[in-house]
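Reading through the structure tokens given below for one structure.
A, B and C are the chain letters, set down in written order, and residue numbers restart from 1 in every chain.
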């Protein structure tokens, strides 16, 4: 009598199998796309060799030579600049908001920082090229002249689209993600440790240095890497502010190129081998972001597993969802 | 001033047991227990201060948790605070080293006197207060990212960059009866120790900055009986150099370690006196009900 | 009791050195400055948009399509209606696809597949999807639906690219919210003899609704602002069309196209469109936040 009729059990099983099928579908979809991408990219890899494509410094459309090294290096330069400029500010913001901010100001300031993520990338790009770049050009020229003895930074004419501006715009774009994750992690520091530090007669800043920052190191690194992943994959904003010089980046204040930007610019009219080369570039980009994101998860996971970092499920609220939604490219 | 001298003016407090024989009884410690430690640190040579609460009230927002307490903690003695959960004992103790005000919306009124100095006076630096009055918490909380050595040195590093850190760390660990157990692994993580060892590490950490008073908030409640006993022995030694206030919900513990015991109920002080008297011959009926286990 | 004499008293040896005090003050100042610095770009961007874009706003701006006449006077260049409509249509379709699928996968991960090897694999691939650059999504759709079938761009293809972009976002945020639903809630319902599917639909989903709605809105806001996925999927056109099978305009595409024009009025229109887009996204964000605040789980 405790048996439910098969009919009554039907919706349950339907739901279960339906959802399982759905999950499987996602897997198949991703694999399918990856395979198709690879097959489209194959001719280019055949022509240059996989390593040749990735590591040769020679992207010349007119003679159909496709060595993507300048693009890879350009991607890394801009992403590296973004990290350099964005992460310290993001972490500082996180520290301020979690440890020092007066309570009345906390919500409005947090919302404002998160709104940085709401501006679409095309708008950042346009603002960058029309407002920021011209405004900063005199200062950039001054730096280039004063520091001309430093390779890469100094010497030469400053162009309006350049690596530095691209890095700066990217830094602004990754700031909300890195800050949100850093804040998450900092909020999990047990009050115990903070009190122990204060109990020893530490000033506020000393307490932060003693109890908060060391505890959050893994989590912050993970957040920075997620920001890195985002910076590597960002397309439109970078395309607008980097110019289109597929040469190995020689100058901080000169034009450059990235993998994403070359695809955006050249794909529209590309045919044959050229098109295939762009698919290959997309593949390289894809693999790059994959690696970085995998590393990032490793760090965040390590922090969580050691019991010293955020749990796998954040504590809820729009801020955490913002972190979850903003953490894509 | 020898640690065995009688404590200064034994004033009777409201509810305290008049017991003429008590004047010198609590200050003495069987000297046999001292033999295992090495040279006592500097501050044993001068006596620890008396702490006195005057009309102390503590609030969380508009809710009053500690409702006007006058209580004296005599120098170089262990005073235990007992009472049911929620009676305000932890809150009161955290007012002594001004940790209570760290909680958003919390504040305290009244005076806390360290000898003659009111710690709540506006001219007094909160940070100095916290360094002078050490605190040991309920759950052992060594800094997880630091080694044993770094944990003990943490407070020292705030003021002295280099210098004689090693010497002072060793002295602190000896005072906490932990040196022999960890001397060969000072660079291993602090959290790698057992619970009881971690708590002694936290005690060493507090002692390293040479405080005058030590506050202990249920320090043994997360530990096993053997570890608890070790710490109780430690408390007995430590009172020679610091005045100790210990919050405990374990009455046997209070009976074992404390010279004097205060009973709190609902944010107020019900009775205080020599430990023996409180447990065998309390004045207030509520005290009697609590110590005989009728509630709490 | 008289005022204490700080210099001679017991606390003297614990006093904080001026150096430490200065370090504390400096650090705090720097941290506050950094936070304000972080907000400067936001203020500048919004200010710039208002200055350059507000002037373009007018009734006709919102109600006429771009005419494609980019070399003549401002009266004949048209507005951005098709772009707005296109964005709304494509994002709406993308949501209709991504939201049910995303919530479904999240449900599966939390309610049915928990802990299994398969779930770990799925979660890994969802993570992979999160990291895919937005332009690669556009390329995916291009390969699968444009090149492969020999057909051209279309609105629905743009939607598909956007839905791929939204999918991991929806899955991730839905999963987070579903995990927040207290297990006790599920267990007490099951203990009363309710079937699993009923527990899911009657208890879990309603509780999680607010939080999931927030996640969805944020994903929608994100999709509305994306340009790259649409470049090779939706095509570019000026006319408004309700037919998702044709080329479809969108705000980001329109902006991208217009802003490099030599004609000043066209450039102004681009800024007006940018202001419109940002306003739409900001409103979505604020609504999402309001819902999150009222949600039972936040």
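Here is the rule we use: contacts are C-beta pairs under 8 Å (C-beta built on N, C-alpha and C of every residue); 3 or more make two chains touch, one makes a residue touch a chain.
Since we're looking at a predicted model, the values are computed, not measured.
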item: Most centrally placed chain - per-chain CA mean versus overall CA mean; value: A
item: Of all other chains, the one whose Cα centre sits farthest from subunit B; value: C
item: Pair joined by more contacting C-beta pairs (A-B or B-C); value: A-B
item: Rounded Å distance between subunit A and subunit C, as computed from the means of their C-alpha atoms; value: 15
item: Chain centre separation (subunit B, subunit C; CA means) in Å; value: 53
item: Subunit B: positions in contact with at least two other chains; value: 127-129, 131-132, 158, 209
item: Residue numbers of subunit C (touch at least two other chains); value: 14, 16, 20
item: Overlap residues in subunit A, where contacts from two or more other chains coincide; value: 201, 203, 206
item: Contacting residues of subunit C [partner subunit B, same complex]; value: 1, 3-4, 6, 9-11, 14-17, 20
item: Subunit B partner contacts - residues on subunit A that touch it in the complex; value: 103, 190, 192-193, 195-203, 206, 210-211, 214-215, 217, 308
item: Interface residues, subunit C side, partner subunit A - complex; value: 14, 16, 20-21, 23-24, 27-28, 30-32, 34-35, 37-39, 41-42, 44-45, 48-49, 101, 104-105, 107-109, 111-113, 118-119, 121-122, 125-136, 139-140, 143-144, 147-148, 165, 167-169, 172-173, 176-177, 179-180, 195-197, 200, 211, 214-215, 218-219, 221-222, 224-228, 231-232, 252, 255-256, 259, 270, 274, 277-278, 281-282, 285, 288-289, 292-293, 297-298
item: Interfacial residue positions of subunit B with respect to subunit C in the complex; value: 49, 111, 113-118, 121, 123-125, 127-129, 131-132, 158-159, 209, 212
item: Complex interface listing, subunit A residues touching subunit C; value: 4, 8-9, 11-12, 14-16, 18-20, 22-23, 26-27, 30, 32-33, 36-37, 40, 88-90, 92-93, 95-97, 100-101, 109, 111-113, 115-116, 118-124, 126-127, 131-132, 172, 175, 179, 201, 203-206, 208, 229, 232-236, 260, 263-264, 267-268, 279, 282, 285-286, 289-290, 292-294, 297, 313-314, 316-318, 320-322, 324-329
